[in-house]
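Before I ask anything, let me first share the structure, which is written out below as structure tokens.
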Amino acid sequence: MSRSPTRDFLVGLFVLAGLGAVAYLSVNVGGLSSGGGLHLFAAFDQTGGLKPRAPVVISGVKVGQVNAITLDQNYRARVDLDLEPTLALPVDTTASIVTAGVLGDRYVSLQLGGEEATLKPGDEITFTESAVILERLIGKLIHNTDLEKNGEGSTK
Amino acid sequence: MTTFVHDLGWGAMRFIDELGKLAIFSARILRALITPPIRVRLFVDELFKLGVLSLVIICVCGLAVGMVLGLQGYNTLARFGATESLGAVVGLSLVRELGPVLTALLATGRAGSATTAEIGTMVATEQLDGLRMMSVDPVHLVVTPKALAMIAVMPILSALFIVFGLFGGYLVGVQLMGVDPGSYVSSLESAVEFTDDVLGSLLKALVFGVLVGLIATYRGYTSAPTSAGVSAATTSTVVVASVSVLISDYFFTALWGV
Amino acid sequence: MPSSHQHAAMNSTVAGDPHIAFSGVRMGFGDREVFRSLSCRFPREKVSVILGGSGSGKSTILRLIGGLVRPQAGSIHVAGEDITRLSERQMYRVRAKLGMMFQGGALLDSLTVFDNLAFPLREHSSLDEAAIVTEVHARLDAVGLTDVDQLLPGQLSGGMMKRVALARAIMMKPVILLCDEPFSGLDPISTKRIEALLVGINRQLGMTILLVSHDIGSTMRMADWVLLLLPDGAVEGSPAELQQSRDPRVAAFLREDVEDTDFSVEVPPLPAQVLSAAGPRGVS
């Protein structure tokens, strides 16, 4: 049963390369997380099509992703965020759902507040700005234009 | 007309008969898996023959397919002004379908036919009978390590195919066509999901590995003990395994997406 | 078709307590029937030769004894057990007592000679490597081979390959040795050498040997018992009995031996086209 040790080495390399490829695809590309990040959540009236795995961004830099979006008991959208564990976010940080470009994908942008106390894991980000729905905006615009035309003054 | 119906019926019965024999053969392999001794040495040898030796063809083809996807994807997306989603297009195509399916087809041609030919030749030269006469089960010694290795190797090769493909798409999209590298990567990462896509892809590759492994070893084992018989068995492996992969791809995709 | 078999002599003590016995065995492959109802016996601790023309089913008998093929009817007793009743797994137990030397050697072509011989020991015994080396070299000595350990089967000459196959067959000390055409494709010297080996193994180890051959000369030299397969039945007996047989078919078969210097078959004249073909060597 004499087989060359080179073969064994190559097989080992092969398996390692394969596992490496699988790991890359799972974690980097597929976003599999070990769950070790900073978990926060925020409630929104409107997510506007925000999807799980959408990026969470501070000053344009990705710091985490959206884990899950569920309906809470007040029928608002509860968005669970998985962020880098080293972040120190003040308790009055604002979370807004914004769009990449005009017609692009939604993502969450965090605006830091000024308080000294920071959010702990599992805390809620209380200051939120819901997504702007383009159709409603247009609808409002049309409605306002109609009111103006009928001489009723401008509405907000 | 009646002969046609007769032949059809006969063909159907033979097909079901073959399916039954394949099932029995698979049961023998399963039983061999839990019977000692465990043939680690042979398993590792087969990993080398089926996996390591297939690396070149898998990586080269992965790169080529990725490059084509990059090109075609770019041309199509450019029409809609959406070229920054190229990463997503290349990634989803590779991960969901092209990675596991093309890898399985390439592996069938290279590793599957080699396996069938090797076992078939052993039948023709009475080596399997020799093993039986020495009270060694040829399924345990020869077939099982080969089948198991094929199953283990398929997801690995598929993952490598996909990675090389993503790189090929990057080469064409970013270096050649000028797509922003950050967009390529971020659209790729946001479009491809672990549970829906990557996990499904790996499981698909595993299922294909089972199919190709079983078909290749069965055909070799049951080949007629002549050189014409071995040759017929080898071509049969390539044909049957390829068709099975493609058909089961549909069913797997439909079921996984549920 | 006349009745299935005849015994050449009634009081042949050689076949007293048979090691192997066939009874009413019917065997065929697809449409081709090989045996209609074969009954025969092979004596213990003797050398038996199965003779017959090509396609007469000689190799099939060995395969039946080894359980590699199953008969359609009849029973086969090997060392006291009816193997037709046994499952494939149970056959492995019976095969532990058998050793088979295949016509093509059937050595595992990806293993060296040493590994081929060590294979049954590594599978079925718990000997350590040093003991295995001793056993393997003992068998190689017994068949007269040296320095072949690291060769692959493909690198062996015909005679060497047969001897390695023989060494492997006796590796696990079987009580019955089955040899399928051990002399085929060999020159006369190698043939004599293998003959001597087989006879030596039989005399010194008391191993029952069954071999298939079409070489009448070596059969008569080696055999204690002969089974002659004729197209319409089988005849068995000691070589002397067969040679003195009055049965015309037996006599006709035995006359085809190597001492004949005349062609006993008519050689028809070659067709005119063949003779007149003009070519580099032809006379046009």
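In order of appearance the chains are A, B and C, and numbering begins at 1 in each one.
We take it that contacts are C-beta pairs under 8 Å (C-beta built on N, C-alpha and C of every residue); 3 or more make two chains touch, one makes a residue touch a chain.
All values derive from a computational prediction rather than experimental measurement.
J.: If you average the Cα atoms of each chain, whose average lands nearest the overall Cα average?
T.: B
J.: Skim through the chains and flag the pair connected by the most C-beta pairs in contact.
T.: Counting C-beta pairs in contact for each chain pair, the top pair is A-B.
J.: Using C-alpha centroids, which chain lies at the maximum separation from chain A?
T.: Result for the farthest chain: C.
J.: Find the geometric centre of each of chain A and chain B from their Cα atoms only, then give the gap between the two centres in Å, rounded to an integer.
T.: Chain centres of chain A and chain B, defined by C-alpha means, are spaced 37 Å apart.
J.: On a C-alpha centroid basis, what's the spacing between chain B and chain C, in Å?
T.: A distance of 44 Å separates the two centres.
J.: Quick check: how many Å separate the C-alpha centres of chain A and chain C?
T.: 79
J.: For chain A, what residues touch not just one other chain but two or more?
T.: Residues 1 of chain A each touch two or more of the other chains.
J.: In the complex, go through chain B and note every residue touching chain A.
T.: 41, 44-45, 47-48, 51-52, 55, 91, 95, 155-157, 159-160, 162-163, 166, 186, 188-190, 192-194, 197-199, 201-202
J.: Which positions of chain B touch chain C when the two form their complex?
T.: 125-127, 129-137
J.: Write out the stretch or stretches of chain A touching chain B in their complex.
T.: Residue positions touching the partner: 1, 3, 7-8, 10-11, 14-15, 17-19, 21-22, 24-26, 28-32, 53-55, 62, 105.
J.: How about chain C: which of its residues touch chain B in the complex?
T.: The contact residues of chain C facing chain B are 63, 66-68, 91-93, 95-96, 98-100, 102-104, 106-109, 119-120, 123-124, 172.
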